[in-house]
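First up is the structure itself, then whatever we jot down about it.
In this document, chain identifiers A, B, C and D correspond to the written order of the chains, with residue numbering beginning at 1 in each.
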Amino acid sequence: MSSEPAGAPGPRPSGTGEAVAVSRDEFDALFDSVRTWGRWSAADRGAWNRVTAAHVGRAAALVRDGTVVPLGRPWDTRPGPDNTKPALHYMSDLGDVEEPEPAAYKDFLGADYHAKSVSHLDALSHIAYRGQLYDGRVARQAIGAGGARFGAVAALGPLVTRGVLLDLPAVLGVDWLEPGRAVRGRDVLAAEEALDVRVVEGDAVLLRTGRFRRRRDTGPWDTGAASAGWHVDALPLLAERAVALIGSDGDNDVRPSPVEGLHSPVHTLAITAMGVPLLDNLDLEALSAACAGAGRHAFMLVVTPLNVPGGTGSPVNPVGVL
Amino acid sequence: MSSEPAGAPGPRPSGTGEAVAVSRDEFDALFDSVRTWGRWSAADRGAWNRVTAAHVGRAAALVRDGTVVPLGRPWDTRPGPDNTKPALHYMSDLGDVEEPEPAAYKDFLGADYHAKSVSHLDALSHIAYRGQLYDGRVARQAIGAGGARFGAVAALGPLVTRGVLLDLPAVLGVDWLEPGRAVRGRDVLAAEEALDVRVVEGDAVLLRTGRFRRRRDTGPWDTGAASAGWHVDALPLLAERAVALIGSDGDNDVRPSPVEGLHSPVHTLAITAMGVPLLDNLDLEALSAACAGAGRHAFMLVVTPLNVPGGTGSPVNPVGVL
Amino acid sequence: MSSEPAGAPGPRPSGTGEAVAVSRDEFDALFDSVRTWGRWSAADRGAWNRVTAAHVGRAAALVRDGTVVPLGRPWDTRPGPDNTKPALHYMSDLGDVEEPEPAAYKDFLGADYHAKSVSHLDALSHIAYRGQLYDGRVARQAIGAGGARFGAVAALGPLVTRGVLLDLPAVLGVDWLEPGRAVRGRDVLAAEEALDVRVVEGDAVLLRTGRFRRRRDTGPWDTGAASAGWHVDALPLLAERAVALIGSDGDNDVRPSPVEGLHSPVHTLAITAMGVPLLDNLDLEALSAACAGAGRHAFMLVVTPLNVPGGTGSPVNPVGVL
Amino acid sequence: MSSEPAGAPGPRPSGTGEAVAVSRDEFDALFDSVRTWGRWSAADRGAWNRVTAAHVGRAAALVRDGTVVPLGRPWDTRPGPDNTKPALHYMSDLGDVEEPEPAAYKDFLGADYHAKSVSHLDALSHIAYRGQLYDGRVARQAIGAGGARFGAVAALGPLVTRGVLLDLPAVLGVDWLEPGRAVRGRDVLAAEEALDVRVVEGDAVLLRTGRFRRRRDTGPWDTGAASAGWHVDALPLLAERAVALIGSDGDNDVRPSPVEGLHSPVHTLAITAMGVPLLDNLDLEALSAACAGAGRHAFMLVVTPLNVPGGTGSPVNPVGVL
């Protein structure tokens, strides 16, 4: 990977963060360096195998204030620059379809959720690189029109673990990271220090870029074209820390992608190489406030994907409990 | 309500449990007796107002073994006698729609979930009685084709509280309750005693009837026509105990309904009178085993409905954590 | 209605066409003047009652060249300024879901078609004015979450009749009518004269504004905000001519609406007052060329809506046969 | 193919029609014998290339009575033995979502239509045999999650041609053909003679088995397990006659399939070998009555599939015009 020039002439202004270009060869070396293929017998649970009963217990022990913070965005049926596949919501009964008493009100929900709007979990079947899914499974054999036979969200099930919020805007003293801002390994280390928290094995690490603060203040934009997110050079650190889950208020990848010819390199490293599911499009504004108020950035995180056999992920509404 | 004859000639065989008939007048008196309208300012959260930060903390403190038990059934796209509105699951990308590297696999999920198959939460907008929703809101004014303006699932948000499993088949020493078996107030009391647990304020009480054990052994049946579930006479006890949430592996109502002219009287009492959301169609088999193994029937329950503005409920995959 | 000043100082530049403002009282008078309520016993077929077997025969007799021209736009799954409710298209089988030989390829189609993209037919249940549907039916009683009990598209069935293309851009010698251009009664008369055709009883009159020529040349725009279409003052003429069907390459209404407080006055007059279904969003470019080539603007038109009980319309792909 | 024994001992009882077993080798020989690959430059229109402007004109000339008969079944949202993928129909606006005047009523329609309920057209991308689509195209290369790049329904467009109803129950003097009854080549010849009609080049041949008469009288059944339909031995005759389209009130294939290891051999021969699209699940009851009343079994047929780029077919509501 194109690391920074050794003799960089001095500190960059905080909050600028360039998405340093990475060649495909550098990416491939990185991919190999963080790969955990063959490590777990329950391969399609990937890094969730790290979350033992002990982790669950430690996560629950973090609950002190009893504050429950939902992280799921509103189901959005209107198209927009960051909502190219609007969700569906139709009333199927307004008390006038079935027998009258009591009157039942019912609705239909639908979503092609893997985009920039719905808060969702990516299962290990979501991304293949060079034809292979996580654990070296051949994607073409493992997934078809009937769904995923390997890496389905139903194989993941729910997750209860410690969540850590890396609140970059808070660390940098800005309202949000500008679209295109890459969050690199050194940013993670700086955030840990500033927030007095350390990401450890089995953790879920959530990156706040302030996307939804920015969206509220300046309106929606095409986050596929430009958004703050992880740079691939943060992934070796997260791999070393043995995280179970990575999430963000964006889709995790900084955009535009710094890797030549790869539109979602962070997805590729996390999901396909490391076996780490992703949480995309979380609304982390309330969690930011809650963590700031509580003076701590670690909490119990609960993620309960729908039990979809063959599903490549699921819309979710994760909760942080402080 | 037709209470039992005073001089009942002796104990009934356990496990028989008749669905004693209830007249409409008796039902209406019952409705009034458990009604909590006007009690809470955040009216569309109903009984979830009972779940304070202290409850959350006590729930988390129940986590000892670190066992996480999902309660959501598999998303079922095939019709059947208990699945008249099959869920939808289509692959929207098999790595061949968008740019090639990495290859992305995506899917569309859809469901008209308020039926007998999908595990789901009923919000307070789901049921109206005599034209009124919970808190006396006029249903016709509060809900339209655009969704619910009162009692939407987005107003509920997630719930973290103590869950109590009333494992009736375990109590009665049977594999399952036969379809039509009503679970009455006295059954609740007997279960509490047998399981050494007591339902208290803010609890989520989950009734296991063994539906999915029976389904696995004997195949699916039309649960709308016959299923084990709560009898209305259990509701005053649950109201007195001030529960926050009621759930079941069926749809909570014993069927056929014992109340003349009302197809879902338990829905009506819980949701419309008491402001208590319901969890329908949970798979409680694994939780039954986990509780039996742990020797306790209280645990942390986390329910994270999708954040659907205007939604009358949500598909969910709740977790019990022991 | 604000008719034109008697002493108009001279001809307006062709192609300018102002959308002369109409007060609500003028509109209501117009509504009453074209109303056909009570005229037909098969009320929910409205003006299609005019299309007798003789009309069908005369329409078929118009077929000379054997040219078949489809008028339906491509099913569009991408959002855009004129596609706020993108259609759905998912492959449900790629030869890998069911038994292998032969391999079957299948797909799911879905659409909330009443918008600006899908070519569709509006049935008589689509529009109510002051609470009433066509024929004075009370909308609230006639339509619910289960669909329309009056005026459903299934009651219309298919239509075979004479179609007349009013090709305004051809008449005016322009590529298209600019968004906002109102097509008034006098424009209809001028077009009839220029194209040597006369709209008569039972005809389907199709207005070409050149929308899709413009869209191809200049890109999509928000046609809800500005589009060429009928001015309400053309409707009395069409009512007098006793048309069965009105269609356009837009949604028929000129936008912005010239009638105070009414967003779709042409829909209201045609559907609700006159009982005339509408065809919206037709692609009339090929038909324009075919008519020009054949030197005539009347042809056999066949519209075959899907047979949806309770439906308020249907996506369609009508054909003109010359 | 297992042709009938030369010295068959005498006439079989009419209406019995056995589905004579066919080996895979016999089938493959049959496939080769009717194959039209390479014949047309507009390959994905297949046999519709046969329908010239002259055919359209001759079809229109058949209109005498002006009777329009729709052939599409009602959109069915309820599951059943012959409706395993119920269609969707939801109201998206009940006059209360958008601006109030006029009030607009709108709905969402959806269907995974390639099954036994929805009347639909199969395009040439619907069926592959031994990995190949019509014209020898490699299915895996031609169709993906984004739809069909060869043989899409949008390439077909609408069809106007002569339709011929082979009303087998009328010919045999029965109410319907029993499920499992195979319609063989000799049945076609007998029907032509009895009905005084001859299938010729470019025709659409529609087989009535009386399915919907039977369904109305005896209730729905699993037509995938047993239904009357074409035997493969009728296809050489239809190939020789150079038909453009084949349809039925079933799904065209007699079921159970008489060909070892092939669930839909008629689909395979018609679509994949001959390039002849199919119309499945037509309701031919009204057409039967209309033809009987008119004393002729040839008419103008108009089929207008939705214009779905990449679609493997389309729900349709074809019309016969007499």
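Going forward, contacts are C-beta pairs under 8 Å (C-beta built on N, C-alpha and C of every residue); 3 or more make two chains touch, one makes a residue touch a chain.
On a predicted model such as this, the values are computed, not experimentally measured, just so you know.
Enquirer: With contacts counted as defined, which of the two, A-C or C-D, has more C-beta pairs across the interface?
Expert: Ranking A-C and C-D by C-beta contacts puts C-D first.
Enquirer: From the mean C-alpha coordinate of chain C to that of chain D, what's the distance rounded to whole Å?
Expert: 31
Enquirer: Let me have the rounded angstrom distance from the C-alpha centre of chain A over to the C-alpha centre of chain C, please.
Expert: 46
Enquirer: Indicate the residues of chain B shared as contacts by at least two other chains.
Expert: Residues 88, 90-95, 108, 112, 144-146 of chain B touch two or more partner chains.
Enquirer: Once you draw an edge for every pair of touching chains, what topology comes out, line, ring, star, complete or other?
Expert: Per interface graph, the chains form a complete graph.
Enquirer: Under the definition above, what is the set of chain B residues touching chain C in their complex?
Expert: 88, 90-92, 94, 108, 145
Enquirer: For chain B, which residues count as touching chain A in their complex?
Expert: Going through chain B, the ones touching chain A are 52-57, 60-61, 63-68, 70, 72-75, 88-95, 98-99, 101-114, 119, 125-131, 139, 143-148, 154, 157-160, 261-265, 267-268, 272, 300, 302, 304-319, 321.
Enquirer: Write out the stretch or stretches of chain A touching chain C in their complex.
Expert: On the chain A side, the touching residues are 78-79, 83-86, 88, 90-97, 112, 144-146.
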